[in-house]
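Chain nomenclature is as follows: A, B, C and D, assigned in order of appearance, with residue numbering initiated at 1 for each chain independently.
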Amino acid sequence: MSTTAKSETQLQNCARILVKCPDRPGIVAVLSSFLHKHDANIIESSQYSSDPENGTFFIRIEYHCEQLVRKRDEMEREFASIAAEHQMEYSFHYRAIRQRAAIYVSKETHCLMELLWEWQNGDLEMDIAVVISNAEAARPIVESLGIPFYYIPANKDIREQVEQQQIRLMEEYKVDILILARYMQILTPNFVSHFENRIINIHHSFLPAFIGADPYTRAFNRGVKLIGATSHYVTNDLDEGPIIEQDVERVDHRADVQTLKKIGRKIERRVLANAVKWHLENRIIVEENKTIVFH
Amino acid sequence: MSTTAKSETQLQNCARILVKCPDRPGIVAVLSSFLHKHDANIIESSQYSSDPENGTFFIRIEYHCEQLVRKRDEMEREFASIAAEHQMEYSFHYRAIRQRAAIYVSKETHCLMELLWEWQNGDLEMDIAVVISNAEAARPIVESLGIPFYYIPANKDIREQVEQQQIRLMEEYKVDILILARYMQILTPNFVSHFENRIINIHHSFLPAFIGADPYTRAFNRGVKLIGATSHYVTNDLDEGPIIEQDVERVDHRADVQTLKKIGRKIERRVLANAVKWHLENRIIVEENKTIVFH
Amino acid sequence: MSTTAKSETQLQNCARILVKCPDRPGIVAVLSSFLHKHDANIIESSQYSSDPENGTFFIRIEYHCEQLVRKRDEMEREFASIAAEHQMEYSFHYRAIRQRAAIYVSKETHCLMELLWEWQNGDLEMDIAVVISNAEAARPIVESLGIPFYYIPANKDIREQVEQQQIRLMEEYKVDILILARYMQILTPNFVSHFENRIINIHHSFLPAFIGADPYTRAFNRGVKLIGATSHYVTNDLDEGPIIEQDVERVDHRADVQTLKKIGRKIERRVLANAVKWHLENRIIVEENKTIVFH
Amino acid sequence: MSTTAKSETQLQNCARILVKCPDRPGIVAVLSSFLHKHDANIIESSQYSSDPENGTFFIRIEYHCEQLVRKRDEMEREFASIAAEHQMEYSFHYRAIRQRAAIYVSKETHCLMELLWEWQNGDLEMDIAVVISNAEAARPIVESLGIPFYYIPANKDIREQVEQQQIRLMEEYKVDILILARYMQILTPNFVSHFENRIINIHHSFLPAFIGADPYTRAFNRGVKLIGATSHYVTNDLDEGPIIEQDVERVDHRADVQTLKKIGRKIERRVLANAVKWHLENRIIVEENKTIVFH
């Protein structure tokens, strides 16, 4: 059997379970015994408790299990009663089932390019189902990779009808995750509610500094010595959603707004790519407008 | 002659000139010809123009000149007419004349400790004239180094009378620069106006995020992935003065407020120490609520 | 009960277990069931497998257990048979039992100062049993904190007799961990063998670059653009022991050797302090001349 | 006149002069007076002295001068006698004359992709004259941008004949700078001597650690906690040429060799792109196997 084929089979047998429940002794024992009973081997495990006394407990377990495809329905059924007993919220995620992404982009394509690059390298566990843009700039590169590209002009006057078209496309393409790769359009509460904790945005500032429009100009005017970017889940409060990842670069008085934008593009690229990667690997749990990220 | 003595003589012969003027061709030629005429050798030179066309020009030149003590009055007199001709604002700074600092501190002494440490290492070109605190915590270490220490209780009810006492002390000790090393008291416009661009504060956030009180708690609540500190000159707009230096550290969901404060202390220490160092080396020019920092 | 007292009691009930064993399904279930049976709550858990198939499995579990002092002997007895069954190497560590440290220092005291600072802040879980130096520079600060200080001149001609004296002191002071805070003396294999994986050194370069003497001069001559420091366990191969932590700072062509040393001191301080902290928190497992560090 | 056209004219009038000479008072005055006499405005100026007493002085001046195309021959003639008088080595560089680059690449295309990206953004002042590769992987993207692509198989047995073909191509395409973007072939002294200080390589380690082949495997085996990349000019001593830029990323025990390579690619991309950018902007002076980089 070739290495690749073997590796594909291994992926078929890999899964993750995310659990959230009241913190009390024995939770790890319950979970690990359940997995052991089904001959699953724990590959990676990360946990967090909001408070050792009466807090909430979160855990992500990645496991490997021979014949997983055959066994998983039974495992899920059995787990349902365990979960009920311990008041667990939980979800299973199978590596064999790749998430389907829609990437939204404007004429600024640097974040899209980075995502395509990482995706081609095999670093992003997703299929790119569709790219949607209010500009034509990205069409050639997107279509050259065989990915459907839709040009949908957007502005605030036609927002609702545009969003209805987009929602239909998301359904048609069975999209799991929406990535706003510098899309630069505000979304309505209706749209956001369709995709709770599944829309990832990149904001071009170190939030909560410079919420809203034109952050680089405002950073320039304030004379900051570091500029940043923030990737977060989109909620109905502009730039107030749960932060997934942030990073910064050093700048000095010589940097004008154009230079800040150039430097900023490098930060935006890597911050968004990291956030998407962790989302796809089911490393993120959203809790009370904050994220737990199990690196 | 011993190395140290020689080095002291060399310092006697070192100076810096800061110039701000309308940008037009020939400024560097004027300045360098002036220095050359007086047999001064340029050691370091840094310049910045806000705009090549009709902008403002800034330059910092560090020079070495034999017999500087004897020659400097004459040089300054001669330069006055050059400056008038080219509409220059300028200042001369002699390394032989060390700035005198007052350090203001509360019961949180980590920034003070770092400054004392750097100062003992010879990395800060200043004399510490006096330490002022609204707590007794720092007294032993300060007095053990032979530095006068004043305990002056402070709160918002007695602010004005406290500040009058402090202003008198600043005059008595001939203080050039005030360093607020986590002093945590708001200053009145009257106090600030006595020391324009000479009060350096450390704010425990990455400004303009989390202006005002309790930034670590607010950073925790927002779920940021980096925390920071900002050193700035104090103006009458709280936390809005010209930023000198900023830095950040990475944190994650496991960090509670106490942990953020601990990590923050390390950032505060180094950010304040850098800002003070650059101020003392005359590397900073304040222009329209921003700083030019010639590294 | 006061907060502090309560917190002390909590510490009494906190422990960590480190386990290394052949990787096979069910290990986590065995460990977590054992802890659950004794009403211990898992606070933090980190694991690593060198290879999912036939690799070695490592886990660090931090747990809280009421009445731990009363129960721990029984728990350890019971665990011994579990361990035997699964071929586990393991160790229990109780937070109530603080490790006793000896700090070795030369006339360069910056790393010692940082350790004292962190220790006074409560960030290092250790008692400083004794400080040993081949210079008198650190005596005043060490003795002012009530810590015994021994001046023991050292050089390569008297190495063995000096080490015999030091070994006696380590025994007299019941020392668990030796911290070489820029001690700058080579240790003999005999000395090292007394304290396997318990001597932590700070080397003033980014190893494996610039092994041996005078790394800053060699970094200067090579024209590197970053300088670093490395903390590692001491073995008999000079600067070849398991690396615990490394960090770097950016430098440029203007930095002479003195400047590199100054910048380097800041890196050394934080790198050594981090390494010591993680060692004390039992976060480090040494495996085949490398470290697993459970952050 | 359109903005772009105007901007093109401005570039026509921009130039840089690099000077190296014995350090003595008056050099800056000579240079700035020369420029002022020709109505040139200094836009940026950076200088460095290896030693204030009897050292070597280096300066880079960027200037703007109306009608530069018409005036530059006369200026250069006049400057020749000034240079002779002050023992200056110097070079003029005109922004209107873009450097012509050849990029050498293997089947690993990530560094090439980053260069193409920066180049398309207008961040690299060069024309890409030709891409040469010992693999076909890069052909589609290179040719889609209208850049000539040559597939030249290379290995150590046919090194000399391959290099002769390459030298002919460099001449045919009038190449100024050779960029080895992970080319992974050793060059002969004959080849190197044709392009002194004009071949920029990216080495996939933090030099001088891990000189030579397979640095990521060796970094893995040593258990380093940071991995790096180094861009340097190529000399006849393998990986010993003057370092231009270095950077690192943090890794931990979980990273296997494949993961190190993935992380490393991100470092390599940005380190090489920075080095090339600074070379093209004439910011680098090589002096005794080290670089002065005027940022």
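As a convention for this text, a contact is a pair of C-beta atoms (placed from the backbone, for glycine too) under 8 Å apart; a residue touches a chain by one contact, two chains touch by 3 or more.
Which protein is which chain? UniProt says A, B, C, D = Formyltetrahydrofolate deformylase.
It should be emphasised that the depicted structure is a prediction, and the values quoted were computed from it without experimental measurement.
Novice: Consider the two chain pairs A-B and B-C; indicate the one with the greater count of contacting C-beta pairs.
Specialist: A-B
Novice: Since chain C and chain D are copies that touch, just let me know if over half of their interface numbering is common to both, same, or not, different.
Specialist: Homomeric contact, same residues on both sides for the most part.
Novice: Using C-alpha centres only, name the chain that sits farthest from chain A.
Specialist: Relative to chain A, the chain whose C-alpha centre sits farthest away is B.
Novice: How many angstrom lie between the centres of chain B and chain C, each centre taken as the mean Cα position?
Specialist: Centre separation, chain B to chain C: 37 Å.
Novice: How many Å are there between the centre of chain A and the centre of chain B, using C-alpha atoms for each centre?
Specialist: The separation of the two C-alpha centroids amounts to 43 Å.
Novice: Multi-chain contacts in chain C: which residues touch at least two other chains?
Specialist: There are none in chain C.
Novice: Flag every residue of chain A that touches chain C in the complex, lowest number first.
Specialist: Where chain A meets chain C, its residues are 23-29, 31-33, 35-36, 39-47, 49, 52, 64.
Novice: Would you tell me which residues of chain B are touching chain A in their complex?
Specialist: Within the complex, chain B touches chain A at residues 48, 206-210, 222-226, 228, 242-248, 252-254, 289-293, 295.
Novice: Which stretch or stretches of chain B touch chain C in the complex?
Specialist: Touch list, chain B to chain C: 110, 113, 117, 121, 123, 262, 266, 270.
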